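In what follows, structures are represented as structure tokens.
Same chain, two partners: chain A is paired with chain B first, then with chain C.
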Partner chain A sequence: MPEHSRAELLLELADDELILGWRDSEWTGIAPFLEEDVAFSSIAQNEIGHARALYELAARDLGTDADALAFDRAPEEYRCSPLVQLRLVPDWARTIARHVLYETADAIRIAHLKESDDVELAGLAGKIEREEVYHRLHAEMWLERLGAEERVRGAVDELWPYALGVLDPPLRPRLAERIGRPEVEAVERTAPGAEFAELWDEMTMVRRSAPVGAQW
Partner chain B sequence: MVMKSVVTAEAVWEALADIPDPEIPVISLVDLGVVKDVSVDGDRVRIAFTPTFMGCPALEVMKRELERAVEAIGGRPEVDVVMDDSWSTDRITPAGREKLREAGFAPPTPRAAGPTTLVQLQSKAFRCPYCSSTETRLENIFGPTPCRSVRYCDACRQPFEQFKTI
Partner chain C sequence: MIWEVFRQERKGQPFVHGGSFHAPDKAFADAYAREFYARRQESIALWVVPRAEIMTIEEFPDEFDLKYRRVDGYSIKARLKEARERVGSTERARAEMPALPASEREEQRAGTLES
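Moving on, here comes the complex of A and B:
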């Protein structure tokens, strides 16, 4: 298997966090109750904060800046996993299933990066992990509440191949072990589809319509 | 007051000590522990700044305030943002913790050896900043900003904001 460059690895991670942050923020104002408006909005803010730091590191390697990576690429250039691209509002069961699956996969990925010989990458992973702990606790709390419900179980079945696609193949057995399911054929990262194009359009609109030379 | 021509590290720390946190002004940036290091070379002042929560919108303001404080004592600031694992809530000073508590924010508990668990958050290990009772329960892991949770005190029947331990 070809080795990822550091920038490629960072872009996959950053795109996952940015797009999941965007999707989580779609619950702001319409979650089942106020506490969850607050929780999903806060998680979204954290994920986008992680994306920014990851883009900044990638930008240094690539000789550009974080905003250009986040907003100036064409939709087909994004590398986010199909799991985070799905628009799940207003389906709470699928949202909770994705939350549990993504946070579990992300924990495995971050733990792996913390062991990296690259001190910048390992340090950043450590900093991200401090916040992710709370995302996992939130997911765990919801799994305790709803994990036995048929709709949530069905959503986990549906999204399981997507969850595997978040991780590089060598890390997938760990996810299968933690979730307690056999590995199946994963939904791999490919050029994003129509659902993503719509998100991209909305996400980059302000940047694209800004006058030349505008400072952010 | 006579301005000194050479900036000293002590003078810089003193200048920084007065900068309030933009979001919770009762505590200073130095008390918050985000100033990791100060080094001075003539009038050039380098500050190693470790952000708290990565998505915190106050970070840019903090950075600007650090620069302004250095400029105010005649230094040329360079603020290096350190995105590593070195900041944790354990870096908040004892004085800073006390200021938070006085303002009605429960300060973060010390970091344990392992990661925080749901059982811990749901336990009665958290003290109400108003009445000091530990008869408190978790209302929401998340709160008005990423750094806080919301708890409720059963003794004085008051909701309060608990700093997350990270």
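Moving on, here comes the complex of A and C:
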């Protein structure tokens, strides 16, 4: 496996959190019931908050700023995993399957980063983890409720290769163990597809339309 | 299933009713209560209770108008005034009495205790 630079690693993580935050926020106003609408929107917002913190750290290494990394790159420069790019509204079963798989994979990744020799990285991972605990509880309670349903089981089958692609290969056996499934060929991070381009267009529209020199 | 939330803003303060929400079980109630009532650090603790578990009591018959049992049941002002006047008059009477020698005062007090 080629060695990542710190900035590359941070961008993968940040892009995952940003894009998942956007995808999850597509449920705002149309989640299954009011309470869940508020809770899921709040989780989406948390993910974007994590993305910001990760971009800020990467921006220092790269001599730029967080907004430029989040919104000024071309669509093909994003490194987010295919799992987070999928547009899943209005399918709540697939959304819950992704939520459970992503949060489990993310927990493994964050735990790994917490052990990093890089104090900044380990510290940020610790902060992110304190919020992710509640995302996992949220994912687990939904899995508990819907996990036996045919549609959710099917969605987990479908998304399993995508979930593996969230993690670097050395961490994948841990995910397989936690989810209780055999490792299969993962859907790897490649240049994002057409579905992502559409999201990118929407996501960067405001920033692209701002007059030159606008401050946020 | 409806859950009622009571929130405490600061240590030592009483829990105050904050509102209610729907959740199918305890795990969902836990998640939603955190999101709705503590996400912005606006509470330091929450009580989350199924509404059905709360005993509501709202009938309190008062057929005989027993308002004297309440602190505001009768005017204490008039009674206080009366009492003060009574005390004032005895004090005046005592003050007007000739002073007894110390030994006799002791005897008098001991006598009161015995009786």
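Heads up, the rule we're going with is that the second predicted complex is superposed on the first by the 216 of 216 C-alpha atoms of A that agree within 3 Å, B and C clash if a C-alpha of one lies under 4 Å from a C-alpha of the other, contacts with A are read in each partner's own complex, and residues count from 1 in each chain.
Here, contacts are C-beta pairs under 8 Å (C-beta built on N, C-alpha and C of every residue); 3 or more make two chains touch, one makes a residue touch a chain.
None of the values given here were measured: they were computed from a predicted structure.
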| request: Overlay done on chain A, so just call it for chain B and chain C: clash or fit. | output: clash
| query | So, A:R52: does it touch chain B (first), chain C (second), both, or neither? | reply | first
| Touching A:R145 in the superposition: chain B (first), chain C (second), both, neither? | second
| field | Partner chain in contact with A:E115 - chain B first, chain C second, else both or neither | value | neither
| request: May I ask you to decide whether A:V38 touches chain B, chain C, both, or neither, giving the answer as first, second, both or neither? | output: both
| Can A:E185 be said to touch chain B (first), chain C (second), both, or neither? | neither
| Is the number of chain A residues in contact higher for chain B or for chain C? | B
| task | For A:G126, decide between first (touching chain B), second (touching chain C), both and neither. | result | first
| message | Under the stated touch criterion, which partner chain does A:Y134 make contact with: chain B (first), chain C (second), both, or neither? | response | both
| Segment of chain C intruding into chain B (one of 1-9, 55-63, 73-81 or 91-99) | 1-9
| request: Would you mind listing the overlap between the chain B footprint and the chain C footprint on chain A? | output: 35, 38-39, 42, 134, 137-138, 140-141
| field | Of all residues in chain C, those that touch chain A in their complex | value | 21-25, 27-28, 30-32, 34-36, 39
| message | Touching residues of chain A toward chain C in the complex: what are they? | response | 33-35, 38-39, 42, 134, 137-138, 140-141, 144-145
| said: If we count contacts the way the header does, which residues on chain A are in touch with chain B in the complex? | reply: 35, 38-39, 41-43, 45-50, 52-53, 56-57, 119-120, 122-124, 126-128, 130-131, 133-134, 137-138, 140-141
| said: Under the stated contact criterion, what part of chain B meets chain A in this complex? | reply: 53-56, 83-88, 115-118, 121, 139-146, 150, 164, 166
